Structures are given as structure tokens and as C-alpha cells.
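By written order: A, B, C and D. Residues from 1 in each chain.
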Amino acid sequence: MQEAFQLLANGIVIGSVIAVAAVGLSLVFGVLGLINVAHGDFLTLGAFTALVFVGLGLPLYVAAVPAIAAGALAMGGLEKVLWKPMRDRGTSNVNLLIISIGLALVLRHVIFWIFGARVQRFGPVSERIDFGLFALTPQDIIIVVGSAIALIGTGLMLQKTRIGTAMRALSDNKDLAEASGINVSRVILYTWVIAGALTAYGGVLLGLQGRLFPNMGWFLLLLIFAGVILGGIGSAYGAMIGSLIIGVAQEMATHSIIGLPADLKTAVAFLVLILVLLVRPQGIFGRRKAI
Amino acid sequence: MIAYFQTVLITAGIFALLAQGLNLHRGYTGLLNFGHVAFFAIGSYTMAIMIVTFEFGLLISFIAAMLAATIFGIVVALPAIRLRTDYLAIVTITIGEIFRLVIQSGPGVTELTRGPRGIRGYSNEFFFLREDLGLGFLDPQMYLLVIVWAAVIVVGLLLFLLLRSPWGRVLKGIREDEDAMRALGKNVTSYKIQSFAIGAAIAGLAGVLFAMDIGSLSPVAYLPLITFQAWTIMMLGGMGTHLGPIIGSIIFWSIFNGTLFIPDSIVTGAEAAYLRQIGVGALIMLIIIVRPQGILGSREEMVLDK
Amino acid sequence: MQLSFGGLKAVDGATLEVEPGKITALIGPNGAGKTSLFNVVTGFYKADGGAISFDGGSIMGRRPHSIAKRGLVRTFQLTKSLGRMSVLENMMVAAPGQAGEKVFAAWVVPWMINRQEKENHRKAIELLELFNLIDKKDDYAATLSGGQRKLLELARALMMEPKMILLDEPMAGINPTLGARLLEHVGELRDRGMTFVLVEHDMDVVMRVSEHVIVMANGKVITQGSADEVRQNQEVIDAYLGTGGGAVDEALDEVFEEDARG
Amino acid sequence: MAEANGPNEAREAEEPKEAGTLLLEARDLLSGYVPEVDIVRGCDVEVAAGELVSVIGPNGAGKSTLIKSLFGLVPVRGGTIYFEENEVTRFPTHRLVEAGIGYVPQTENVFPTLTVEENLEMGAYLRPKVIQERYEELFEWFPILAERRSQRAGTMSGGQRQLVALARALMLQPSLLLLDEPSAGLSPANVDVIFDRIQLINSKGVAILMVEQNAKRALAMSDRGYVLEMGQNRFTGPGEELLNDPKVADLYLGGRAKG
């Protein structure tokens, strides 16, 4: 029993990180219909930007600020110089997806080039605190709380602000949004900026787990996809829940009753992804319309 | 210098095969397969396991490898081709990764694949064979090069015959408009599966040759990067063209391996490796941005593409 | 040829028969379920109930390609030309019973394929000449004008040697000269014993070419008969002009969504 | 064939705006979705301030395409469009919204996952300051929406969705409202409601140009009507006159009246 609770807790921790990243991916997909394969590498970008500032002697919570800014700037900038011009030229979504694969390779290996392949840390990870049924490090707790704050903030932004409503309107019906006088290109730009900020922040949280390496975001990417698809692609709220489920499912798969080796736990999440796409492509919480 | 060209041409040949399979999927049938590396790996591993663990001969093992890749192609295709194109891309990427994780640490499976430690010692018979084939005058590398390019040419010819036959015409029709083809009485599902299976078999063949080239197998050799490289090659040469994958592969690997000549005083070996990957990524983006039809593809077809 | 359905929202219990060797027109206001009916008959949509038989056998629940193979061929409202294939290839691909469509046949029995290809090529050229598309035979189909694509689609359907052709708005967006030519072909083919059903908006055309007119509204057949009979029918006038009270059904919401056009 | 003249004398009394000035004028409009296939082939349309004008015609006559062309949603290949005496041909849609044109598409005319209030808010995206005061007036015109202000539009019935769509298009107080088959797919009772509200909106001084399938009802309430056939004007005249013209009825059933 103890083991199950511990795995559940671990699952929630990793699920929280996935959720923050998944919401960003989902926002972009909802508004643009673009599957951005480079998304995971923006997590890495956020983590390593924070690492640079930690290296300068700043505390992590301060270093997170330029990291988030870097994510927002990078995604927003790419919308300006890459995605929008390509869309205006009528490039198909499939070709945009292929571009994002190229972008992923470039981004990741630039980070490799600058920082090398070795694993780095923000700082020492503290001892686990025993909560009886499970034990977590203080960093784990910061991850869960930090993720919750970001998710609630995003939820409020989507629900209560004009730009958030416009984003939802755009993913509902782009033509009608245009016909209502919404400045569609600006809303798209904001969507990228917000997604970039969230994703970089997710990267900082991921780094808090202890290990920073240039492949960290890429390794998480398929789990992020799994979370997004499970929740119903394009639905931001679905992405949050789907990610938590994915996080917990993959940890639980290593429970001694199931007995899967830890290396294989991501394969379980991937399997979930494939099954969901085949059986219920609109996701568990998605509307059929969203496909 | 000769060694450099040998290395380039062997790798280029193997990847030309991979790209030929991919070209059948994407260029002619319109299927977005991003899990090509799985079929590649199946070829390598079936070959090695048959020889090392079960002690079969080269020929039987080779046939088994091709067969395994084909069957796996059908198994993947059956559910996957019902999906929308971009979902198919995600599912195939994921299948590739699952496959790699399973050969690396799948319970029971690792007894055959030996997990991260990998398999070696399967290629002796292949190289001994060179005397019997009357190719004894070639050194092993040259011999491998000849075999690889013989395979590329044979596969290229067979594909050429196949694709300009009515069968290939149906595939192109499916790429253009599935519903129109249904209305013309063609069983679209069946053709997509056939296309998937044949492309997978070619990837399996590439996997066998790759195994012979590297001499020892381990899961890290089968990262999704392999798939992306094959895609780059296919797009560089020109999708939906017969010679595109071959020409694309030679150019790609000449550039890629050319970076080996950059002296260490400028970049270290590790840095050069990263630079090469950056090059692959940049090349993918550049092709789509500057010349989406590739070197041999027709601009007009690209423009007419919806 | 008896078609009847039940349960499908768009096509709500329509029952109709099509006589062989005639041109039957299917008319009705937007959202009457005409295109949905075509989709159900040709297997592109699944019907929830009812029966469809064609040429003495049931085709209910069969997949589109198998229905097409039996000789019931359709065209589409928005033409589906195979854009990045030549006009000639568009024709050749449609020929039925090609041995070369089997995988590996090209490696095993190339002579058989060659023989068939020659024969199909001859047929294709003949049809392209008939449809005045011969000058375009090596052009990509995507470069044809809208009207030429409609002609190509009909010619391509004829390559299949069908028994019956369903034409979904053959005259939409096509210039009058090409339209007249298309209708001429349809008339000639009918004289040679082929059966046609057409959905058409241009009532002039309907009245001129069709021997039998079926009027649909709200997924049901409201009346049928000769062109003149139908024209006099008060129900038909109401269906087209609106009744003032409206006979439109709430359940039709979905139909409007998929069938909506100007 | 009657020439287009101003709105009915009888209606003039209720017009708060000065009626008769030309609001929208389109000349020789040529447009279509795909290159080379013109759906609208040389149409002329005029709408005066405060007028209610219907466009009717058989299926496939190009009615919807016409209205979409006016609103910049279908590429215009020829002709000119003036709005309030400025040329607006090929203006992007959002500039037409700014200029004072509202549009309700035939289908998918609400944001389904947004609440009623949010739908309306999006209608006033260009001028968020007016939202509160517009709510008041529109909720007065459509009381049912006030009751359901926090319901998601996608969960509402077809008729209610149509009301949401109308209200959204009215948020910026347009001087011209373009409606694409507002009665399409509605039950008879809902059709009554929608037509009644359209007349109410018009009586408040908003000019309306609507495309309708239900030709009888549309003409009965319109100041003027255009009958389209094959993308061209066929008949033009006061609604009542067209309604009683046997040639119009004939047109629907193919007895092409010559002259």
C-alpha cells in the first residue's frame, strides 16, 4: 500500500510538470491546428536559461523570471519570423509539422553545443520529507505547488480575460472570430507568447526534479503529447487532467504487482496515447467537434 | 580519403534504402510515417538474433528479418492508417520509441536483444561469404559497399517497375484523393497496408545491412533521429521521384561526414556531432522553406498540392 | 433498383426507385437530403436502417469501392480530380479489372499489364476525344478549369463501364457551353442504355433532360412524376418557396450543417 | 422589372435615421471561391439606411456567395462595393466590421464552448468599453439571452443559437446587418421568433440585407427584394410585388420566364 501511495505521489509530481507543458502545446494546437514537435525543446530552453542565471548567483525563483521571458520571446519571435510568414504562404499543416521537427533538432543541439551533454543541477536536492504514506523532497512539493499556481493562473486567464476568451473563441471557430472583428493574428501571437512562457516555466519545474540535460524536454515530449491527446487535443483543461493521468499511470506501471522495469514506464504512457488515438481520437474530455 | 568515400557511400546506400521505403509511404501514398526506425531496427535485430541466439544460417536469417519487418509493417498499418495524417505522425513516432524501449528493457525481450549491452558476433558469416561470391579480391569495407549498392539498385529497379505499373498509379491516386479512389472502386485500405508493408520490408533490408556495417547492435543506434535523417534525405532528393532518395542520400552524407574534416582546433569531435545535428535540423527547415519539392521534384506539383 | 431508408436524420425514410435506362432527376430545397442520399447509396455514409438494392442484389452496408465495382458509380459535388496526376492518368486509373493493380504483378506478368494498358489507353483516348479533353491529356488535372474537371470526372466514371451513374450537381460552377456539352453526352449515353440519377439546381436543365423527377424535402420523397406533373404540384411549390408556416424540422439542424451551400 | 427605389413610405415613419441615403452599393460584382469559377456573375445590390432587403432565388443561385463577397469572405474578382460612400471593395473583414457592418453566417454562427455573455463580448472585441451598455439593450431585445447569459452556446437549441448570433453581430451597433439564411434549420415556431426579432432590429434603424430560402416569408416582410438566378439579378422590386409575381414562382420550378 505504501508503495502505491508513493508511486501516486511521484506520478502527481511528474504529471504536474507535464501538465504545465501540455497546456502550452494544447493552446497552440487549439488556435492553429499545428502540432509543434519542437515544444519539448522549449522546456529545455527554459531550464537552461534559468541554469545560466543560477550560475550567476541568483536564487532560482529569481532566475525563473528571465527563463520565462526567454520562452515567451522565443516562441513569440518564431511566430513573427517563421510560422506566420509560412502560414501566409499557404504552407500546409503537414509541412509546418515537418518544419517543427527541424526546429526541434536545431534547438536541442544548440543547447548541447553550448552546455555539453553532462547532467547539471540547479543545486543539491534536499532530503525527502516523510509524510507517512509517502515521502517527497521539498523540490517535489515546489513543483506541485508551482504547477498548480501556473495552471490556475492559465485557467483564470482563459476564463476571465478578454484575450483568453478570444483564444477560446479562435479555437472554437476562426472564421467567426474574424467576422466578429477579432484581430486574429494578434491573438495568435499572444497565444504563442503565453505558451512559451508556460513551457519555459515547465522546464524550470522539470529541472527542479534534479537533473538538467539537453535531451530533457525531448524525452518528455511524447509524454506531453500523451497528456494532450488523452485530455482531448486542443482542450486546455483536458490537457491538465490528461497529463496528471499520464504521470500517475506511468509511475503506477512500475508497482511491484505489475512489475514493469522503470525504463519501460514511459512505454506504458505511449501505449495509452496510441490506444486513446485509436479508440477515442477526440480524447477523454474532448468534444468530437475538436478533431 | 578512400576510406572517407567508402564510409559515406555505405551509409548513403543504407539510408537511400530507408528513404526509398519512406518515399513509397509519403511520396507516393501520402502516409506520414515517422516511426520508420522501428522497421529498420526489426531488420537488424531479427537478423542478429536468428544468427547468434538460434544459430540459423545467413540466408534464413535474412529472409526472417525481411519477413518480420513486413509483418510488423502490416501490424502497425492496420490500426494506424485510419488516423488523420498528423495523428498518424504522432502514433508512428511513438511506436518507434516504444519499440526501442522494449528492445532495451522489455521483460523477456532483453534475453534476446541483450538490452543495452547489445549483440555482436553475427556478421562473420556475411563477410566469409565474400570468397564464395567471388568477391575475395575486395577488402571487407569495399565488399559491404558493393552489396549495399547492389541492394539499392535492385530495390530501386523493382520499385521503379512497381510504381509505374497500375499499382503505383492507384497509390498516387490515393495520395491525391482517397474518396475519389473509393468511388472508382479501389480498396483504399488494402493499398495503404500494402504500401506500408513494402516500405517496412525495405527498411528491414536496410536494417540488416546496417547491422553488418556497425558489427554490434545496441538500442542507442535506433533513435528517432534515424527516421528524421531518412525524411530529410527523401525531401532533399524530392518526394515522389524515383532517384530522389538515392541522390538525396549521397548529398546528405557527403555533407554530413564532410564535417569530419573540420580540424579539432576549430571544433572538438563532440561539438562537430552537435553541429551536424543542427545541420540536419536546419536542412529540414530550409528545404520546406526554400525548395519544398526537393532537388528532383517538380515545382509545379508542389504548387498544385493543396 | 429500390432504395429505402429509415432512421438516418438526413435521409428520413425516403423510398425511391430508379428505372434502368432513364435519366432521373432528384430535386429539392437545400438540406432536403439529396447529397446525403447519394452518400448513403454509394456507401460513403452508413444508413441506420432500410434497404438498398441495385441490379438485383443488396448493396446495403457495403463499402464504397465494392459498390463502385458493381457498376454503381458516382461523381462529387465538388469535383475530385486527382490533381497531381495527368488527365490521361486520371482516366487510366479508373479502368476496371486491371491485372496490374495487384502488387508485384509488374514483376511477374508485365506482358499482361502491357496488353491491358494498351487497351485501356485506347479507350481513354477515345473518351478524351469525345469530351474534347484530348489536348489536355498530358496536363496535370489540377490545372483544368472547373468545367473541364466536371467533364473529366464524367469521362473517368465512364472508364469504369458503369451500369448507373449518380451525378451530384454536374452543372454547378460550369460555363453554359461546357454544360450543354456535358448534357449532350449524358443524353447520348442514356440512349445507349445507361442509367443516370442527377441532383441538380438548375431547374431548366432538370426539366429538359430528365424523364422522371423525384422531389425531396426534409429527407423524404414528397412527390415524383414527369417534369410537368411535378411543376404543377402545390407541395413542390411550397417546399421551394417556403410555406409561410414552415415545414422545416428541428431534427434537420444537422443536415443544414453538412449540406449547407448557397 | 421595377427599379430599386427607397424603402416603403409606410415604414418611413418609424425610421429614426434619415432613410433613403444609400448605405451599401455593389456594382457588377464578380466573385467565387475557386479561381475561374464565378458564382456571382455581375450582381448589383443596393441597401438604403434603415431598409430591410431580401435576396432570394433557387438553390445554387449564388445568394450566400453574394453576401459573403460583400463581407470580404469570398474573393471578389470584379466590380465595386461602396459602404457609406467609401469604396470598400476587397477590404479585409475586420475593417468592414469596424466600418459598421455586422454578419451572421448560416451555420456555425456561435462559439460553442463560450457562454452567451462571452459570445457577445467577442462581438464587441474592437470596442470593449461598450460591452456593458450594449448588454442592456440587447438583453431587452432578446430576454431569453439574459436568462441564459452563462450557458454555453453550444448546448443551446438552434433557435437560441441564432439569437446569440444576432446579438453578437449587433454588439458594435452596426448600421448594416448581413444575414445568411437566418431561418435555416429552425422549427416553425423558432422561424417565427427569428423573423419577428429581425423586424424588431430593423425597426430600431439597423438596415438588413438577408439571404433567405423561405422566399414567401422573407419577401412579405421586406421593403425590397432581389431575385437571383445563376449568379445574376433576375428580378428586383418591392417585396409584395415580387411575392405576387407568378414569374418568380416559375423561376423556382424551371419555367424560365423570358422577360
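In the analysis below, a residue touches a chain if its C-beta (ideal position, glycine included) is under 8 Å from a C-beta of that chain, and two chains touch if they have at least 3 such contacts.
All values reported here derive from a predicted model rather than from experimental measurement.
What's the minimum number of touch steps needed to get from chain A to chain C?
The distance in steps between these two chains is 2.
Using the touch definition from the top, list the chains contacting both chain B and chain D.
Looking at chain D and chain B together, the chains touching each of them are A, C.
Sort the other chains by how far their Cα centres are from that of chain A and give me the top one.
Most remote chain from chain A, centroid-wise, comes out as C.
Name whichever of C-D and A-D has more C-beta pairs touching across its two chains.
When C-D is set beside A-D, the one with more contacts is C-D.
Chain B to chain C: how many Å between their CA centres?
42
Using CA atom averages as chain centres, what separation in Å is found between chain A and chain B?
About 31 Å, centre to centre.
When you check chain D against every other chain, which residues touch at least two of them?
Where chain D meets two or more other chains at a single residue, that happens at 108.
Of all the residues in chain B, which ones touch at least 2 other chains?
In chain B, 305-306 touch at least two other chains.
Using the touch definition from the top, which residues of chain C touch two or more other chains?
In chain C, nothing touches at least two other chains.
What chain pairs are in touch here?
Applying the touch rule to all chain pairs gives A-B, A-D, B-C, C-D.
Write out the stretch or stretches of chain C touching chain D in their complex.
For this pair, the touching residues of chain C are 29-31, 145-146, 169, 172-174, 201-204, 206-207, 227, 230-231, 236-237, 240-250, 252-253, 255-257, 260-262.
Of all residues in chain A, which touch chain D in the complex?
162, 165-166, 168-169, 171-173, 175-184, 287, 289
Under the stated contact criterion, what part of chain B meets chain C in this complex?
158, 161-162, 164-167, 169-170, 172-173, 175-177, 179-188, 194, 198, 300-301, 304-306
Note which residues of chain D are touching chain A in the complex, please.
Chain D residues touching chain A: 71, 73, 93-94, 97-98, 103, 105, 108-114, 118, 121-123, 125-126, 128, 154, 168-169, 172.
Sort out for me which residues of chain B touch chain A in the complex.
Where chain B meets chain A, its residues are 32, 79, 82-87, 89-91, 93-95, 97-98, 101-102, 104-107, 225, 228, 231, 235, 270-271, 274-275, 277-278, 280-286, 288-289, 292, 305-306.
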